[in-house]
Amino acid sequence: MPVNEKWMPKILAFCCNWCTYTGADLAGLNRMKYPANVRVLRVPCSSRVSPQFVLRAFQKGCDGVMVCGCHPGDCHYTSGNYYTRRRFMVLKEMLEFNGIEPERFQTRWISGSEAGKFRDTVAEVSEIVTKLGPNTAFNERRAENV
Amino acid sequence: MSRTGVFVCHCGSNIAGALDVERVAEAAGKLPGVRYAATYKYMCSEQGQQLVRDAIAEHGLDRIVIASCSPRMHENTFRKLLKDTPVNPYMLEIANIREQCAWVHTDREQATEKAIDLVRMAVAKVSKNKPLHSSFIPVHKKALVIGAGIAGIQAALDIADAGYEVTLLEKESSIGGHMVMLDKTFPTLDCSACISTPKMSEVAAHPNVTLMTGSTVESVGGYVGNFDVTIRQKAKYVNHDLCTGCGLCETKCPAKVTSEFNQQLCTRTAIFRPFPQAVPAKPVIDPDSCRKLSGKARCGVCQAVCPLGAIDFEDKDKLITDTYGAIVVATGYELVDWAPLYPEYGGGKYPDVITGLQYERLVNASGPTEGKILRPSDKSVPKEIVIVKCVGSRDKKKGRAYCSRACCMYSAKHAHQILDKIPDACVTVFYMDVRTPGKNYEEFYDRAREDGARYVRGRVAKIFRENGKLICRGEDTLLGRSVEVPADMVILETAMTPAPEIRELCARLSISTDEYGWVQEAHPKLRPVETQTAGVYLAGTCQGPKDIPDTVAQAGAAAAKVCILFSKNEIEGSPMISAVDENKCCGCSACVRVCPYRAVTLEEIDSREINGTVKRHVARVNAGLCQGCGACAAACRTGAIDLLGFTNAQILKEVDALCL
Amino acid sequence: MAQLQFDNSASLAEKIAADAGVTLSDCYQCGKCSAGCPMSASMDIQPRQAVRLLQLGMADELVRSRMIWLCASCHMCVDRCPNDVDLPALIENARYEAQRIKLCAVPEVGKFNDIFMENVKNFGKSQEVILEGAYNLLSGNLLQDMGSVPHMLRHGIVGPEIRTVREREHVRRMLTAAEKEDEGC
Amino acid sequence: MLRYAYYPGCSMDTTGVTYRMSIEYLARKIGLELMEIPDWNCCGASSAHAKGKWQALALPARNLAIAEKRLPGLDICVPCAACYARLLAATAAIRESDETRARIEEITGVTVKAGAEILTLMDVLGTDEGFAACAAAVERKLTGLKVACYYGCLTSRPRAITGVQNIESPELMEKIVSLSGVECVDWDFKTECCGGSHQVDAPAAARPLVERIFRNAKANGAQAIVTACPMCHLNLDMREEEINRKMGTAYDIPVYQFTQLLAVAMGASAKEVGLQKHFYPAFKRLDRTLRKAGTLQ
């Protein structure tokens, strides 16, 4: 995929079913508009997302990955997002170590009623990733073409 | 090789209007493993579901992908559909191409591209789905109702009348909550005690109800159908089995403390019943104000005079643990502490500036003034009275933007009562809006004006005392002029706020509250009496400000929900729980540590190895306790424990599919 | 009297609100500002009505009113407003708009401010005696507060002495530049 | 160390002369160093911000700039409430946005960072150190004199920039002036406006404000009113007789600056605090209080 002028980043968002996914649905109900380059992958809790999935996404060519869950303290499973917070603090350093710009990976807390925050977060992250350009550091497929 | 069917829904024009559904179906048709792809105007309709049944039969499909609205809407609908087909209900994936695609993107081309991606992810994931079968959880048919105001009482009565056991908790020493403090209730003006005390005695005498006053929830474990709850019952220092409620001790007790029930308008003794019609009608000793228990003096008068020896100073708090199938939260409200918020209304230094509840105690026959409206400062009959509405409500600056809903009506009631009881009284009501959203409410407001209440539209800016009068400064915005109204007494209709310890209780029940502390209902319109935690229900003002009619209606609804739960001996647990592949498990117990529900334990097993059988530890999941969060699956280094329905394989497939 | 028309000066209303950093829709017309305003009794329109005029795009009527000149900017209204509407800022900006079209419905206040600023421009400091004297002359109430002049002279409260700022030229330049800046936006 | 940059304001040498005399006496007594900002200019009071936003910011900004250069690291003590409000507003505007700061520097031609804190004299004497110094310097008590502490509006409002918590009935002046032994009455017009410059340019509209303040003070048993601002003091002291004459009231409430009472309690004579300069006779009431308390000098 050569980089054309209207290049659209491909961003994967792991969203917890109880909070962020609900917030995303609410954004739809309110007909809010946000960039179309984010694909949501539903998980029961943000603590279900293993660092392996994030690395796999970058390896397979994603330009940005988000892990979104409930605000700490509001987790439907009481403590899930505490593990999320700790796991992905460590992962950010590892991504940097691997030469991936850490800004490509974002963790955000969005509750079921924060439809506006979901829209703004998607817009913000897609802008960040668009500025960073395609993820060339760590992906097989793009390496072959370039 | 999987034989997948993909069904793309138009959803009328909701989806078809924003993206090219035909192209999505066509692209889906070319995906590996897809045997059949079609679109239909309304997949969730009867005909849409029939289309799926026919396609399964005709093409021998074993996996289904529906590209439609959010799975949170119709996943269950399509699972029920698959129940009576050869396809297992969990061989199904939903692609959300409405709320998260059609409705939120304006560019038709990009939306179609995204929809195709989402379908490709769903097809990839479904290829790794496995048939799953539900496990069943026993239901303890015993309910716990927290809070014994009118909401808790009504819910407990309804559940008990349905034949189930109920434990009704109340943190105060008598049940009745705020309703029993009131004199009359709107819009019919019938006496509050006359309609609530019968219910109080009925619930106290009901064979199925165990009433526990002075009790709060210490901790909650378990899950729907099997909550194990520890209750702390405060020491009463009076043995209620011996005591007959004769009241002799109350007359002799020397300690005098302000009465919380009477809103600080009069005092009560250390050994006391909050009000004459208290249920249970037996006193308790308040350890802080009792001279003997607080160590101030030797006293012990009550013990000496008690003919039945019911006083027991050695009484201790009790911790009782029990298992409940359902919990109803009915913790009610408190009035906001207005004094620190409103220095411009005197900040509490004027005794004749009182709250609505203090007024209710004044006008109540069992109140400190036996129903005569006398102002607290000099017990004289106030002639000019000002009622100020929205004190603490609808005021972002003071921290609460919401409307407390009931004050418009009860301020009209207050105005009516004053004009009724004090012949030549002059009542001025400062209001912004008068909201009468109920049956006969508007007519009730008309009557208050006909009685002569003067309604002035404008919010009071300042109340101060000068030459014996309380001057209320407001603007009559309809007249466009500022005005000073001198008054003998001012009634502030203050905002409702949640009960003080609501946040701790919600943390224990793992249900959330909004920024003000009102308990978060599962869905404001469709599931108002349920919470996010299955088996925990809501009733009354703990969920938000409301009046008595709505509270009682909600109490009945919550009771109905409990009865629905109890109508089955066991409930179908979700099959999407963790499972352990014991060959891969090395017993490192990482999963045991992260599980919020203590659902994973290490078991010792005999494992056949090359050199004979060896004893080793492996993880084991308790199907009843596991709620399917998946924290263990992410913590497991070897992938031994995995979450069925969201296995590592499924998610990795979904990630790969996105990046083709 | 022609029928009332809304939005007869909507752009001016929006400008005043924008300059003041106020979202007009925040105000739900509860009247707490007028109620607490010490000067409301002598105002032709109430503080709340000032916001109402701006909400309805009738800024012209506000700019011509006496109210914006009688406001003592004591900030009682904004500090009690349930919606934090900065009414003093709206009134201040209404005054700026009035001055741009040479309007002052309470001429004495306009004159007082002009003399005050002239003093500051000339001497760098406000001169009470010149302010008092010039104001009486220009406002026409020649004898205002004359009764207390002997007392003030006897006790040296006012006197012939003029106190100036050494770098008053700098103050003058500064004020002229600021005036240009104020006319601009 | 009780050392502050000092911004007196234009009225300190004229209508605020009694305030200046009592502050100087007080400062000498408790070792309070007030370093006057050299060549300071007028703060613009209520006229500048009526004329234009940038005129209102330019005038105080120049004073801040001089203080930063010539008296670095010192907070600025501003006894007059109007000057305090203008310097505080300029400080807040400069700190809030760099764009504003740049335009102000362009207009005034001086660099200004607005790092210094702006304090009223009450804030200064309210600090632990200031309060202890005042307490130590008190020699005699004005016991029995009932006073109403009047703050006016600008020392507490707007709360967004003054940070005062209770804008309806602050307690700071009561705490400080009680050192002189007076009894502070609880009344309700502590922070109601006195009309400011409108007493001159809109007298008919402004006089009732002053009458309203006297009425509430009298209704709550005040024998004197205490102020902490030259403008408030002038508006109350100068208009009392005229109000009695024109509005048929009989107020007999002298008006003192809180620094005058403190100075007298620290041994100052009537002349040293300029009691004779008051418009409404102020000597008699203090004299009788001291006699009754048996501590007249």
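Just so it is clear, A, B, C and D label the chains in written order, and each chain counts residues from 1 on its own.
Here is the rule we go by: a contact is a pair of C-beta atoms (placed from the backbone, for glycine too) under 8 Å apart; a residue touches a chain by one contact, two chains touch by 3 or more.
Every value quoted in this text rests on a predicted model; they were computed, and no experiment measured them.
*Asks:* Would you mind checking which chain's C-alpha centre is most distant from the centre of subunit A?
*Replies:* D
*Asks:* Chain pair with the most contact pairs?
*Replies:* More C-beta pairs are in contact between C-D than between any other chains.
*Asks:* So, what's the distance in Å between the C-alpha centres of subunit D and subunit A?
*Replies:* Computed from C-alpha means, the inter-chain centre distance equals 58 Å.
*Asks:* Just the number, please: Cα centre separation of subunit B and subunit C in whole Å.
*Replies:* 52
*Asks:* Quick check: how many Å separate the C-alpha centres of subunit C and subunit D?
*Replies:* The answer is 22 Å.
*Asks:* Please output the residue numbers of subunit B that touch at least 2 other chains, ranges allowed.
*Replies:* Residues 344, 462 of subunit B each touch two or more of the other chains.
*Asks:* Two or more other chains touching the same residue: where does that happen in subunit C?
*Replies:* Residues 41, 76 of subunit C touch two or more partner chains.
*Asks:* Sort out which chains touch which and give me every pair.
*Replies:* By the stated definition, chains touch in these pairs: A-B, B-C, B-D, C-D.
*Asks:* Which subunit A residues qualify as touching subunit B in the complex?
*Replies:* Checking each residue of subunit A against subunit B gives 8, 10, 12, 17-18, 21-22, 24-25, 27-29, 31-34, 36-37, 39-45, 47-50, 52-53, 56-57, 60-62, 73-74, 76-80, 83, 87, 119, 141.
*Asks:* Going by the contact rule at the top, pick out the subunit D residues touching subunit C in the complex.
*Replies:* 10-11, 13-15, 17, 39-42, 44-55, 57-59, 62, 103, 106-109, 153-154, 157-160, 167, 191-193, 195-198, 200-206, 208-209, 212, 238, 274, 276-277, 279
*Asks:* Which residues of subunit B touch subunit C once you look at their complex with the stated criterion?
*Replies:* Touching subunit C from subunit B are residues 344, 390, 394-398, 432, 457-462, 473-477, 480-483.
*Asks:* Flag every residue of subunit C that touches subunit D in the complex, lowest number first.
*Replies:* Going through subunit C, the ones touching subunit D are 19, 38-39, 41-42, 69-70, 72-76, 78-79, 88, 92, 95-96, 99, 106, 108-109, 111-114, 116-117, 119-120, 124-129, 132, 135, 139, 144-145, 148, 151, 155-158, 163, 165-168, 170-171, 173-175, 177-179, 181-183.
*Asks:* In the complex formed with subunit B, which residues of subunit D make contact?
*Replies:* Subunit D residues touching subunit B: 166-169, 186, 188-189, 215-216, 219-220.
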